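Chains: A, B, C and D, in written order; residue numbering restarts at 1 for each.
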Amino acid sequence: MTLDRTDPEGAIAAAAAKYSNWGRWGDGDVLGTVNFIDEAKRREGAALVRQGVSFSLSQRFGIDGPQKGWRRRTNPVHTMLDTGTDAALGIQGFPHGFSGADDVIAMPLQCSTQWDGLGHIFDRGKAWNGRPAERVVTSEGDLVTGIEHMAGPVAGRGVLLDVGRVRGEDGELPDGFAITEEHLRAAIDAHGVAVGRGDIVCVRTGQLARARRDGWGDYAGGPAPGLSFTAAGWLHRTEIAAIATDTWGFEVRPNEFDDAFQPLHQVVIPNMGLLVGELWDLDALAAHCAADGVHEFWLTAGPIPVTGAVGAPVNPIAVK
Amino acid sequence: MTLDRTDPEGAIAAAAAKYSNWGRWGDGDVLGTVNFIDEAKRREGAALVRQGVSFSLSQRFGIDGPQKGWRRRTNPVHTMLDTGTDAALGIQGFPHGFSGADDVIAMPLQCSTQWDGLGHIFDRGKAWNGRPAERVVTSEGDLVTGIEHMAGPVAGRGVLLDVGRVRGEDGELPDGFAITEEHLRAAIDAHGVAVGRGDIVCVRTGQLARARRDGWGDYAGGPAPGLSFTAAGWLHRTEIAAIATDTWGFEVRPNEFDDAFQPLHQVVIPNMGLLVGELWDLDALAAHCAADGVHEFWLTAGPIPVTGAVGAPVNPIAVK
Amino acid sequence: MTLDRTDPEGAIAAAAAKYSNWGRWGDGDVLGTVNFIDEAKRREGAALVRQGVSFSLSQRFGIDGPQKGWRRRTNPVHTMLDTGTDAALGIQGFPHGFSGADDVIAMPLQCSTQWDGLGHIFDRGKAWNGRPAERVVTSEGDLVTGIEHMAGPVAGRGVLLDVGRVRGEDGELPDGFAITEEHLRAAIDAHGVAVGRGDIVCVRTGQLARARRDGWGDYAGGPAPGLSFTAAGWLHRTEIAAIATDTWGFEVRPNEFDDAFQPLHQVVIPNMGLLVGELWDLDALAAHCAADGVHEFWLTAGPIPVTGAVGAPVNPIAVK
Amino acid sequence: MTLDRTDPEGAIAAAAAKYSNWGRWGDGDVLGTVNFIDEAKRREGAALVRQGVSFSLSQRFGIDGPQKGWRRRTNPVHTMLDTGTDAALGIQGFPHGFSGADDVIAMPLQCSTQWDGLGHIFDRGKAWNGRPAERVVTSEGDLVTGIEHMAGPVAGRGVLLDVGRVRGEDGELPDGFAITEEHLRAAIDAHGVAVGRGDIVCVRTGQLARARRDGWGDYAGGPAPGLSFTAAGWLHRTEIAAIATDTWGFEVRPNEFDDAFQPLHQVVIPNMGLLVGELWDLDALAAHCAADGVHEFWLTAGPIPVTGAVGAPVNPIAVK
């Protein structure tokens, strides 16, 4: 597939039409491709626990995170309501030697490891399943496809495609590297793993390792490796349930059109109903997979069910 | 065990001494009883996935939650940075028909379904493992046992003890009902399930069902069923990894001493190093367990790893 | 003026037409009736400083404020980034004996003493000066009449109309008491003070004194004394620059129609362009005015200029 | 006065002893040098209103402000609870054509134009008036000298010392420029204005104009002009009530010792009890003063009374 860099509208319209899942799970659907995860898939996933080792795929949520204020996205501001230093001074007023600490947080829901909800992106005014955007997400939040609907079902078979290790240098793809279907297939072949209906696919680019070493710069959404727009067909055809990367934006940055903003999102979220994860930390899991050659695992990744949210923090747990 | 209602200090000091795990896992330990979860336990847990049905045990995070402002604990305030109503009017300024929604949240970390971190409670100035409270939790958060350390390991075998169904009326224990070791054993017997080292025990009281029906009242920490102070020995002896309830405070409210505040917390968190969960939603899982008679399951419950937090939201996923 | 309690639409439409100031200060106007404050008015106001005594008319901003969560309006959550208890332990890491405290806040902009911005209320889809609501206030805030425009000009002559003292018992009007033009005139006469173009009028009902004594109840917007819908003509005719009360909602609660929500707001903010203040604390000032019989004063009341806000905290300073 | 750059401890100890006001206004004092503002001073200030022109000296509070995350200080995050775009779609559910917009904010209290409270800085463990820091500011805030005490009295005579115009190029002092007593006197002479007991002194460096033009860089507390440590004597001797600058940190940055952090703060806040303002916007006022040659004015600058805050936003209003 060759992209005409000057015509994102045409490419998006064509891909949206070709890869649409509107109506596939009924008019009232709120789960999109997560519908592909069935009970058999969960049994298949659980059976992958051979060793019993678990990995959190979540970055930490802290003030030293990747955000720099773009579109009001800051890093989490975590503050204490009560502390041990207060407690040590005996000023908390509780009886019998009791004292404690407590805390609050203020943060964008997509500041760190997260799932994009189905109401996060619209294509020409339409949200997932063809609903008018304005009927879905108001100031009160996503009234239809809020992230709370994803709280339960996202548990099944996970597959790691470590494109960074397979195609990169020292395990890292360079910024601007567009991961195509060919690269995904090469990783599948290299790992000797299958990908299919209902799987949750984790694509490691290695950018997070680089950002940890060199910093995130002024804008976490700057140049980065990521999925090519041309991978939309693969994402649709494989009938995967979800995909997540270790980058800010899932798709390659800068995008592959001259004047564009996240065109692959525009196809896969509102049209395909695909659950997309970003800013996942795949490094420890990837090291383990590289060592034992097993790239599939049991994965539970239900988001915190913030009512009406269009995205939410998640602590994905992979167990091998 | 009979409690002298006038002497919480004595009872706490005795229980703290008797049930202490200080030093058990070395001086640098940050996991407490979560150390009881080993790889074998995770394999055992995964083997419990027979059907493939999954349950989120998280309440929703929304403005209609249980908090009323006590000690600055409000319900989550979720607001939108971008909306579909804006998008519909074409005012977001993105190219090629792209538009989106985004959001932020401000909330206490223990406003809804959560784990208490090991730095949440101190006993006579000491935090978990005997550390001085003021060396553990400052205004910058928990510098030693922050909840981020719990992100990965909390995955294993879950057991539901539905004391509400076994001992209550219509599945609900009355407020003020103290769940003793005897009640826990009765549930274990009734369910025909074993509880032991490394298990994550979910105790359902039924209060959440009542709160859903009747409201939380002026204070979510008001009268409620919960664990008896006298259950500390059982919690220690069984070597469970964690315990969670469907109530605000895990232990019975009002507490079982004349002038007291959460005395069981004071024993089990800083002394025993027990991971305690609160405000879990066990109702759907419990209905399923009641129907098929199986009260054990796979449970993943890693908290959102907020750096230095003394508690954090969690979306526990049970799979049977 | 007699109100037909069954026809708020008719009454609002009639009042909106009769008392509209649209276009009065040009198409680009962002100040509404604040335009009535001119330099002469400020000189007149400053000349009222005879004694040099100053009063803050702001309630405190704290967790014990009037909010209970209605429409996501909580009380302010004020938390510390650094504390003296930390400092005392010498753990802040600064040189030469320096240490400090710092803090953050999360709050609704109208949680306590505040001005309503001109973008706060719309009448049948129109904002102040006839602008379509959707062109004025998006998810990015009020793009046209943001409260920041009010930062400088709101300084001039203040007048206190202590209707609570003039008509109430023990200085308090009962809840549901509708303050009509007649009551306002009676207060003017009783105080021997004039009210006219460019004045900032503070109407004391006494409800705040009652709320301080008895609590705010479950909803700060419950029954309260306040301006009658019928006072709209007086508000327009007098050409006052602004009006503020010691109540949550400025107008009488419950409102004077069978099925209504803040109908006087709907007339005076979008149509008249009137600056409306709420939850002011007029008690100390009122006691002073009652004692010396002088009900006019210098008043500075510029809001905190939050860019694009539709309301903002203000600490109004009255000096006599 | 010559500074030994290697001995901040010695210099601070000497200045603290020499310029202490501890006990000057009694043991229970919570106002410090604001005590110098008396009723006569307010009458003097009000008499300076000759023309009736008013200036807000507040920067806007928005996401484009000077903060970059240092010590969890972000810019304000202002979000909408209700919008005009929602209203235009008729989805808010209010009767009779009523609709509205509402908003919330999360921000550090010292993110933009603010006063430092007396509990903001400690000297060797002591807060203002010699109180132990840990008895003043806990996790619950400043229990003694909270900024709410400053809400009423800060109204009086303001004086602008435009050192930027008097000594800088194009009205701007270079970064690192230390403003000494000599420079302050030169400005006083150039302006032909007196400074004395109870005055509120605004020192313009011109840095804000530069930051507006060139950006704030990665850290708002980076190199900047500001008061010299050696100006402490002048600040004490003149008995001014307060001082404010158009910079992040009031004193010169980098500080004048080899290893130091805000040594002048350490002297003037806890020891002198001086009210210090930062990030004020003096540019419009300064242009007016330069034009008419009058550098004194009526100034009201009461902070938003956040209970227990160690600093707070203020919208200072100067009227000439």
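Here is the rule we go by: a residue touches a chain if its C-beta (ideal position, glycine included) is under 8 Å from a C-beta of that chain, and two chains touch if they have at least 3 such contacts.
Note that this is a predicted model, so its numbers are computed, not measured.
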Equivalent interface positions on chain A and chain D, same or different at half: same
Gap in Å, rounded to a whole number, between the CA centres of chain D and chain B: 45
Whole-Å separation of chain centres (CA-atom averages), chain A against chain B: 26
Multi-partner residues of chain A (at least 2 other chains): 63, 72, 77-83, 85-86, 88-89, 91, 104, 106, 134, 138-140
Overall pattern in which the protein chains touch one another (line/ring/star/complete/other): complete
Residue numbers on chain A that touch chain C, as the complex places them: 77, 79-81, 83, 85-86, 88-89, 91, 104, 106, 139
Residue ranges of chain B in contact with chain A within the complex: 8-9, 12, 38-43, 45-47, 49-56, 58-64, 71-73, 76, 78-85, 87-88, 94-110, 119-125, 127, 132-142, 148, 151-153, 155, 257, 259-263, 265-266, 298, 300, 302-311, 313-315, 317, 319
